[in-house]
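The letters A, B, C and D name the chains in turn, as written, and every chain counts its residues from 1.
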Amino acid sequence: MPSDSKDKRIGVFICHCGKNIAGGVDIEALLQSIRETPGVKFVAENRYSCSEDGQIDIQNAIQDQELDRVIIAACAPSLHLMTFQRCGESAGIEPSFVDLIDIRKWTMHGNPEKVDPDEALERSKKLIKQAVKRMSLKRVIPQVVVKTEPSVLVIGGGVAGLEAALDLADKGYEVNLVERLPTIGGKMALLYKVFPTNDCAPCILAPKTAYANIHPGINLLTYSEVTAVEGYIGNFSVKVTRKPRYINEDSCTGCGLCVEKCPQKVIDSVYSAGIGERKAIYIPYDLAIPKKAVIDDENCLYMKTGACRLCEDECPTDAIDFDQESRTIELKAGAIIVATGFDEYNPTEKTEYGYDRYDNVITQYQLARILDIDGPTKGKLLRPSDGKEPQNIAMIQCVGSRDENTNEYCSSICCMYALKHAQIIREMVLPDTEIYICYIDMRTAGKNFEAYYRRTRELGINFIRGRPGEIIEETDTKNLIMKVEDPDLGRLLNLEVEMVVLSCATLPSEGTEQLSGILGTALDENGFYQEVHPKLRPVETNVRGIYICGAAQGPKDIPDSIVQAKAAASCVDGELRKGEIKLPEFIVKTTGPDKEG
Amino acid sequence: MKPDDIPEDMPEDIPEDMPENISGDDSEETVQVPNLDPAFKYEVMRNEGAGGLKYCFACGACTASCPIHEIDHGFDPRKLARMVQLGMKDEVLSSPLIWYCSACRNCEQHCPQSVEFFNILNVLKNMAAEKGYAPYAWVVQTRHLMRTGMVFRTDEAWETRRKALSLPPLQLDGEKVRELIELSGLDELIVKKRP
Amino acid sequence: MIKLEEVYVEDFMSPGCVGCPAVKAMLEELSDELECELIIEEVDITVDATRAAQYGIMSVPAVAINGILKFVGLPDRKELKDAIIEELEG
Amino acid sequence: MNRYALFLGCTTPRYVFQYELSSRWVLKQLGIELIDIDDFACCGFNQIDLNKETGLLLAAMNLAVAEARGLNILTLCTSCAGALAEAAKKLKADPKKREGVNSKLQTVALEYRGNIEVKHISRVLYEDIGVEKIEEAVKTDLSGLRAAPHYGCHYLKPEWISAGFDEPDAPQTLHQLISATGAVPISYETSNLCCGGKTFPISRDTTLSLVNRKLNNLKTKEIDCMVLQCPTCYLMYGEMQKQINKRFGEEHEVPVLLYPQLLGLALGGNPQTDLGLDLNAIPLDGIMARIAKSDQD
């Protein structure tokens, strides 16, 4: 049957969106122009198309005018396309014959794409006419029902990924949890204490990591990376590359004798933020899950020079296996959750703060490792330059955040972790040390966060509302001098301290861009995973069946990461619980294992 | 206008027409908001390089980096930016404050919001000069410039000195410079009387 | 015989995409070659991610004809032509 | 052989003869040819304060003069370098602005097309000659001479002027140029502090206090001299020490060398006739004695 637009009965509904659209474009002129467009049978306007009344009007028009296709010119499809597809479906219209096009972006105040009314009218006309044309030629998309895999791939073994994995495993799904590092637990495991409760991080995380380790529904794939993903919701096939640990995981008991014997020391940039050392064979930390050794092949003497193998002699269970090689395994997944977290910004490029030049300038993540009683310094806070206890410390907020030259966004957690570290130092480590927090705005908007801020003030921490221009190191003492204007005092402070801690921005974790390329998911302007809609669909991505949670989606704290992880798990369950799913045939044909060509 | 047309009462050497320090200017007086000029900030921001003012979140990195502020706290970039934002036009333009900048550009270097305060201050100085507030030092320099193409007074002793050191003689011709100064209206500006 | 009709082609692309210009060129050639009106809409997925999501498109180039996704990846010229003809014939 | 149009500016030829002398001599030794151009005038650095357009016109005029002769510009003054380089970059990037400027330059029979590079003398030494070549050319051993570098603001800022060459908050090039002579660059806390030269005609008190701050910081360091690369900075730190001592009751006597003077000593130049060391406000006897001594050793 030849496609013939004359047969189609297309209705166009133009939404005022209150004044958001009506205030920026001449609706009457737009209606007039669309009425005259060939192929359009019916045109109407709504004050709020998405409201109950608006939807009833659309449904009535569909029935009265015998429409078989509708176009709603209103807001972004990511916001309400599903709303209108459901609305059309209950009036008997095939979902693919309902289209929502965004004419609001050109008229809404505060939208960067806003244009003047004449331009908005021209653009709206053009976009609606194009949609009419497209709709008039559109054919029914054949739908097929496919079985879905009852398994889920979770990428990232930090607190968000763990929470999602545990939720889904408890619901009966088989979960493959892929973690790039040799241990799960992510950043949270290394934060010592967490706000706003000051629980010790391992105390609330270890039960989760331990449970994940023994849960029959969870398959831990540590020291592994996702290298390929194909397919579609319900039927993804995934390749995971497992890096060689050079340890037989089944025999290793985590006794640590090999580590003791290993002669090769290496600066540990991952688990102790460059503050402490580890061996070339190592167990990341005491509470590591799985507690298995791993050989760092770049630094192992035997790997480099062909001589040593002391660990092998020492191992009581013969678990060392130098012949292990990287291998790739294939997995099935009905859905994928991305929880790849964040990395701390490296402040070297903020040369005015001298991070790489001055010994006594460190980052908050480094401070967290220093304060940790199980960390590289066993909780002792000493100056890197001379091992002295600092008598005073300054913290500088927004380093690499809210900064046009680096990252424009607010990293959202830095105010709170600075408060946390100030509390720990004052209460548990060096009670007599004076602490100055130089901030631009103090942002403590979470539940119980203001009380936490108040508590920090009670402890006598000094808050200075000013940003130091630069830090200068006093050559002899290695003290750090910075000038900061204190507007509350109306005077310039010459702040000389023995140590400076930079509260650095949160960045998308390393490898985010690469992984998003593998997944086909979009990233936002800051490099974090892009959600479909920031308010209404915060854990869905542009790829159906792939969800995001935690700091991978944007800077956030632990409570919010947990909330998102549960939301993502719930989305997955919603899609997979029936065991089958109705999908457009072309998706199955073009992206599935039976795809054409 | 010929350089010699510049009025005689304009001093030949640089006089100190600015107060030695400006810290004492800190006014305790309440700012009367209805008397302010809310359009002033737009007037400033319209100029090239000054649009960044709208992004200032008053963190004070500029003031903290300012060498002049450290010596004389009367000069305060954060405060000046605030005065412009609020519309304290007359107070800003008539104040000697704006001329104290040493042009080191630290403010711009350390600003996290890329507010180019150096450029904003330059706009303010241009506006003030329009109104006749140009400091004598700059006026005198301009006058020399129109005569010789150099901003300093030159004399025979100086020329003899150069010769003695085997340095090449300099062609001192202000002709082209004068034409350009006249084209851009700076010659009119330097004879303006202060309000 | 090909009927003289219209076909609506959505050409999904992105600015950095290597294969996308080739698809665009092919479509323009076919538009001259086939005796039909080929309406080509270029959809930049970095600007309109939702449209791509509606089709489940995970990579570009991709081509949808009359609302049906036909190709993901660079199509063969003959395949592309056949797919358009198939649509014309309904 | 590299050729540059020598842009003297106003301050150097008027007040800092030794900078001009030593620069000419040093560049000649290293094979850089300087062309003197009569038509150069003030760079417009201060005039932007009164009228931005005038400042830009003056800079553009100088750029056009050099361009007409097919020469890039070498400046001695950091402020001239900054003003001219900033104008050159802006006019290159913005054809409309260039058109506007040229419509005025027309009246003095000039046109600027946007093809000029402007470099400060130290940048020429660093980039065109290079630290290694300088090291090779050194004849007199200056090792052990402790020199505190002062860069000068407009050598580095705005950041995009020095991009790819040096780093405003942690500059290195002058340190390296000093090391190349055998002398030891000594870092000190106030090294990036502005000399305040521009504020001097407005408020002497403010400026001299600022200069005094750096001199007081240097007092705590074991240094033989300060080394700088701008005539205004020289006037502030070199010529003003006596005034500061009188005004603030200090006892500063820090020898101040312009970098080409230091380099000239290393290259074996005559201290008086080639380098004008006798013209420096603070006597350099101590340094000269050291060099003489190390020569004998």
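As a convention for this text, contacts are C-beta pairs under 8 Å (C-beta built on N, C-alpha and C of every residue); 3 or more make two chains touch, one makes a residue touch a chain.
Here the structure is a predicted model, which means the values were calculated and not measured.
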| item | value |
| --- | --- |
| Innermost chain, taking as reference the mean of every protein Cα atom displayed | A |
| A-B or A-D - the one linked by more C-beta pairs in contact | A-B |
| Mean-CA-position distance for subunit B and subunit A (Å) | 49 |
| Between subunit D and subunit C, distance of the C-alpha-averaged centres to the nearest whole Å | 62 |
| Gap in Å, rounded to a whole number, between the CA centres of subunit C and subunit A | 33 |
| Interface hub residues of subunit B, defined as touching at least two other chains | 70, 106, 109 |
| Interface hub residues of subunit D, defined as touching at least two other chains | 168-169 |
| Touching two or more other chains - residues of subunit A | 352, 470 |
| Chain-level touch network, classified as line, ring, star, complete or other | other |
| Inter-chain touch pairs (all) | A-B, A-C, A-D, B-D |
| Subunit A-facing residues of subunit C, complex | 3, 5-8, 10, 39, 41, 45-46, 49-59, 64, 66-73, 79, 87-90 |
| Subunit A - residues contacting subunit B, complex | 352, 398, 402-405, 440-441, 465-470, 482-485, 487, 491-492 |
| Sites on subunit B touched by subunit A in the complex | 55, 57-66, 69-70, 73, 76, 78, 106, 109-114 |
| Interface residues, subunit D side, partner subunit B - complex | 8, 10-11, 13-15, 17, 20-21, 36, 38-42, 46-54, 57-58, 61, 79, 104-105, 107-108, 110, 153-154, 157-159, 168-169, 193-199, 201-207, 209-210, 213, 273, 276 |
| Touching residues on subunit B, where the partner in the complex is subunit D | 14, 16, 18-21, 48, 67-68, 70-72, 96, 99-106, 108-109, 118, 122-123, 125-126, 129, 134-135, 137-138, 141-142, 145, 149-152, 154, 158, 161-162, 165-168, 170-171, 173-174, 176-177, 179-181, 183-186, 189-190 |
